[in-house]
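Consider the two complexes below, in which subunit A is the common component and subunit B and subunit C are the respective partners.
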Partner chain A sequence: MASINPANHGLRLAVRYAVLSIIAVVFLFPLVFMIMSSFKPDLQLLQDTGSLRAFLPVGDLSFENYREAFERAPVWTFVKNSIIVTGLTVALSLFFCSLAAFSFAFLNWHGRDTVLAVILATLIVPFETIAIPLLLLVSKLPWLGMDGIEWGWLNTYRVQIIPWVADGLTIFLFVQYFKDLPHELVEAARVEGASWWQIYSRVVMPLAGPVLATAAILKFLVMYNQYLWPLIVVQEESYRPVMVGLQYFFQLNTAWGEVMAYLTLITVPVLIFYLALQRAFIASIASTGVKG
Partner chain B sequence: MATVKLTDVRKSYGSVEVIRGVNIDIEDGEFVVFVGPSGCGKSTLLRMISGLEDITAGTIEIDGRVVNDLPPKERGIAMVFQTYAIFPHMTVRENVAFGLTINRTPRAEKERKVQEAARILQMEHLLDRRPSQLSGGQRQRVAIGRAIVRDPKVFLFDEPLSNLDAALRMDMRMEIGKLHQKLAATMIYVTHDQVEAMTLADKIVVLKDGKVMQVGAPMELYHEPANLFVAGFLGAPSMNFIEVVVESVRGGEARVSNEALDPIVVSTRGRPFADGDHAILGVRPQYLRPVEDAAGKLHGIISLTERLGSETIVEVALKDGKPLIAALSEDRVYATGTRIGFDFDVGKAQLFPREA
Partner chain C sequence: MRRKATLATLAGALTLVAGTAAAQTELTMWYHGAGNEVESRIINQIVDDFNASQSDWKVVIESFPQLSYNDSVVAAALAGNLPDILDVDGPVMPNWAWSGYLQPLPIDESVIADFLPGTKGYWDGELYSVGLWDAAVALYARRSTLEELGLRTPTLEEPWTGEEFMAALDAAKASGKYEYAFDPGMAWTGEWYPYAFSPFLQSFGGDIVDRSTYQTADGVLNGDAAIAFGEWWQSLFAEGYAPGTSQDPADRDAGFIDGRYAFQWNGNWAAVATLEKVDDLVFLPAPDFGNGPKIGAASWQFGVSATSEHPEGAAAFIEFALQDKYLAAFSDGIGLIPATPSAAAMTKNYKEGGPLAVFFDLSKEQALVRPVTPGYVVAAKVFEKALADIANGADVADTLDAAVDEIDADIQRNNGYGH
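This part shows the complex of A and B:
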């Protein structure tokens, strides 16, 4: 690098931007298509799909699809349900999985490595294989409610939340991250008189920002996209999440404009959540090498 | 302030025994340094005293109380780590106060102690900084501050200076020395740097392969090493070991010689030797005086001269081909290839049995 040739340098920059732009466009096109289509009547929408017009705000634009989507389905109820289920699951999962991982990473107990191996082994079990046994289980479980013990968890929020709180992947992410933290920090805290809980809450978790962001986003995506499980455990509309709500738009004849309007609406919380965590997420990808 | 007593302390990892029966008595207020080569078990021993590592056998007493089964926080110790181990998400003040916050010390008292520690360590101006904004030396000060505020009975240091550069290491070494004078607390300090050991210690414990080689005051170990290992480990350049043959032993004295060494009589210091034994004569490079070739006890040819300013290191090939190092106090150039003779004070030479 004796001397940088400005022309050459400019060219390289141009190529780099061109490549990045293509990648960005590839990822953005479906989103743009969805949003543009949500403002178009069905007939025009279908005609436009053959051309670039599909990505442009042209023709007969209106909020008609949105109005009809709200008429067809209780959109806000579904969004609210998904936010409640996803939010609580993410929060509980971060807490319990990090606690479990803390124990695997820092405490010495008999059989620790075996238990961890078993937990990691659950990663290869697809959910579909346990869905039915799990359904039978939760349909009989007790719950201490306002008026004493009730039996069966179907048609509730808890049936959508509790089975998803603990999972091998989240525990694994935390264990890996904790093992990479300098061990002396924990030892110094022990010598200083901190209890294990204090070490967890005051030393380890404040340093776990990146892994918290990674785990939160992965969990968020899983939970927000839940379909099979809520489909079989929730029959009441008032507890249905957004993905199950999509069914309302695929009956007899599909109104594609409304589908696009509905999809646009339910994407908004994802974008808000993602933007909020974006910086932490990028930092965490850079530092853990985990890709979402 | 407290005494520390280790009785037949052992530690095994699986089937590997890394601490093999250690006995050490540490008096109240003493500054004890554990030295030894890498992997000899210094850190393990210190961590066993701290309670971070449990002990396989033996007893550890602090202040007359057996602490084998006590967790670290109940042992009244504070520890300073090689990697500082200060909490990156806390300010210096929060770091120093960590132990006090944990045990719910009242705010005013906490602040007073933090200020006091900061004053002793001259870091009042750093209290609101974050660790990432500190130099290595400043970070180590924070770690020491965190130890001071809790008034521990025993301070434990595990190579606290080895991540610092040479100049800073010397400064901090002196500060730790002063700190010990000021606090008069019992301190146990692990290092593999013999200068730190010699300058700081009231008592040095030399370890090798999980065993104590010798315990004593620095000068005692320097002048009267108990064995070849200690003799070779302390002192720089290290002691010359000359293979000799014992010609005769009489009344605590042995007459020894070899090809390059005219017969001399040295004290056996109670070690058993028999006529005809092969033995090792230890002579520190500093004790050698250059003399006319014919007059000296040792004769050889100069192969290398290093002038350090304060002293001159001369490497000589003895008549039997073995190298000899001399540290001469005068700054003088010796031409490579010239013959030279050395004289030394026989009383300061050590005779060791050759290790089996």
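This part shows the complex of A and C:
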């Protein structure tokens, strides 16, 4: 067996770090460009795009684009709406999809595999193909409100949340993870007389941290980036999310600095959310082999 | 005693206000100007003035971003959720009327007798929409460029011929001073292509569809004139006169201002901002490629939705909005061409001798509305793709033939679109 040559090891390490650095730069440059551009006036921003200056905090820097972005659009309303819709959808999705997955992984019932196969088959159906039928459906659905029964869900938070709570990918992630858990744990709990709900809530879910993080991040990204669905079901500004709000900045003469300022503002929640859960996310991806 | 009298007056005033509010029937209105502060301020002012001017109707406005406005309206129409008053882009109006989103506009047409032709939306012999402004395109140039290159300044009466235009591009190219001689605006995809470039085709003698029947594009989009247009169009890119489809939007915005492009094909909406940065900017009329100089026409217009239960109220608002003072306010605010000469005279840019007055004349003299057919929505996209393909080197005749097939198939699928 050949011994490790310290010189070779150092070289290999240097190459590895060089490659990783290049990849990091490729991924970071768009973010750096966005943030730097958000502080520059339009003309300078456009002129800088042809050189490395685009990535540097040089020239006439100010918060003017941010001030103008807030004047152009109700930015905080859009951010608030996206956080409400995304937060509630993620929470409900984790609960209901994990419950469904628990049933698929641990309970024996007639037709279980067929139902799971049908759910997984929905993964290949693009949302665009069901958008119009879904629109027609939600525009006629009833809702029990403070003033009695209302018809139609348009222009509400619920129309942006409820259709997205359950989805095939999240259920699949939970099923895969649950199947890898030692079934002896569940059997032991059954022998001890635990109910299925107790097993779900006290045995399985406490062990599901990594898959919860993964599912939460993937769902968060899907929901935070929603565009088509809110575009067609929300006509009132007070319910619009951030991605529809982005359109406010594309006028006949686009104010690119304001676009970058707005994008910077709406990217912050995503980065915070991802950074908070990234360790568990990576652990889950590594363990399940699932790529988002 | 005095306190009692004050309270009584206040109560009386509140009753009056409440009475007025209760008497007003609410009309909903959708508008495409969200994100444009100036436009929003003016349209909100019109709404406020209208609501205060009478006691029958109260308009409530909801603004949408322009880029997603049409999708929102189509979705709302499917869901049965249209407002009373809609604004609609001129070339899209026939499609919305044919699709049953709009109803004929019940206003006194003598009110719009002197409006620019492009501001009146007629479909199937009936008025469906009317606009407060129009838009026009011109050839942006610097006076110094014309002088340095020894070029004649074209006028409305005597525009450049196609040969003169190409000679101007040759001179600019040969000077070596410019990255490109001509910027048609390839970075602005979407409606810009048919709006800005189909007038070149029409000046060659072709068109997007045959306007005599609206049942086919055969012969007009792939005839001799169209092929001549396509070859000219391709030469602009193949011979390095113009940046192609990969043009960066940033270059589109800054290329002419920075002096990297000698001539730019651009709209009046960009004129004020460009004037601020280019001292000797001039707006030249479209060149004449044989069948007269042409530019596009028709911008955003107001109409009444087919589902409105109060078309008379919606029409009352639209008629109210057509006052010269509002036409002038929009023009001064966002730089568009006011619909009437009397409103133009009230504006800072379009009054006689104003810096943009030429656009009013261009709109009046050279404007040709895009094909007035519900099928335009599809034909425009087919045309856009064909022009991009030709610019990228596709065979001209084959590409235009394919475009004709696609447009004709769509017309047949829709049973001739009601023509």
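Here is the rule we use: the second predicted complex is superposed on the first by the 288 of 292 C-alpha atoms of A that agree within 3 Å, B and C clash if a C-alpha of one lies under 4 Å from a C-alpha of the other, contacts with A are read in each partner's own complex, and residues count from 1 in each chain.
The criterion applied here is as follows: contacts are C-beta pairs under 8 Å (C-beta built on N, C-alpha and C of every residue); 3 or more make two chains touch, one makes a residue touch a chain.
Keep in mind it's a predicted model, so treat the numbers as computed, not measured.
Chemist: State whether subunit B and subunit C clash or fit side by side on subunit A once the two structures are superposed.
Modeler: fit
Chemist: Applying the touch criterion given at the start, work out whether A:278 contacts subunit B, subunit C, both or neither, answering first, second, both or neither.
Modeler: In the superposition, A:278 touches no partner, neither subunit B nor subunit C.
Chemist: Once chain A of both complexes is superposed, is A:198 in touch with subunit B (first), subunit C (second), both, or neither?
Modeler: The answer is first: A:198 touches subunit B but not subunit C.
Chemist: Where does A:122 make contact in the superposed view: on subunit B (first), on subunit C (second), on both, or on neither?
Modeler: Touch partners of A:122: none, neither subunit B nor subunit C.
Chemist: Of the two partner chains, subunit B (first) and subunit C (second), which one does A:184 touch, if any: first, second, both, or neither?
Modeler: Only subunit B; A:184 stays clear of subunit C.
Chemist: Have a look at where A:139 lands relative to subunit B and subunit C in the superposition and call it first, second, both or neither.
Modeler: Touch status of A:139: second partner only.
Chemist: Applying the document's definition of touch, where does A:253 land relative to subunit B and subunit C: first, second, both, or neither?
Modeler: A:253 sits against subunit C, while subunit B stays out of touch.
Chemist: Pick one for A:47: touches subunit B only (first), subunit C only (second), both, or neither.
Modeler: Only subunit C; A:47 stays clear of subunit B.
Chemist: By residue count, which of the two partners contacts subunit A more extensively, subunit B or subunit C?
Modeler: Of subunit B and subunit C, the partner in contact with more residues of subunit A is C.
Chemist: What is the contact status of A:207 with respect to subunit B (first) and subunit C (second): first, second, both, or neither?
Modeler: first
Chemist: For the superposed model, what is the least distance in angstrom between any CA atom of subunit B and any CA atom of subunit C?
Modeler: Superposition on chain A places subunit B and subunit C at a least C-alpha distance of 50 Å.
Chemist: In the superposed arrangement, what residues of subunit A touch both subunit B and subunit C?
Modeler: none
Chemist: Would you pull the subunit A residues touching subunit C in the complex into a rising list?
Modeler: Subunit A reaches subunit C through residues 42-43, 45-47, 49, 71-73, 132, 135-136, 139, 152, 154, 231-233, 235-237, 244-245, 247-254, 256.
Chemist: Along subunit C, where are the residues that touch subunit A in the complex?
Modeler: Against subunit A, subunit C makes touches at 30, 34-37, 62-68, 71-72, 75-76, 78-81, 248-251, 253-254, 257-258, 267, 269-270, 273.
Chemist: Would you tell me which residues of subunit B are touching subunit A in their complex?
Modeler: Touching subunit A: residues 50-52, 71-73, 77-79, 81, 83-89, 98-99, 102-103, 143, 146, 150 of subunit B.
Chemist: In the complex, go through subunit A and note every residue touching subunit B.
Modeler: Within the complex, subunit A touches subunit B at residues 182, 184-185, 187-194, 198, 203, 206-207.
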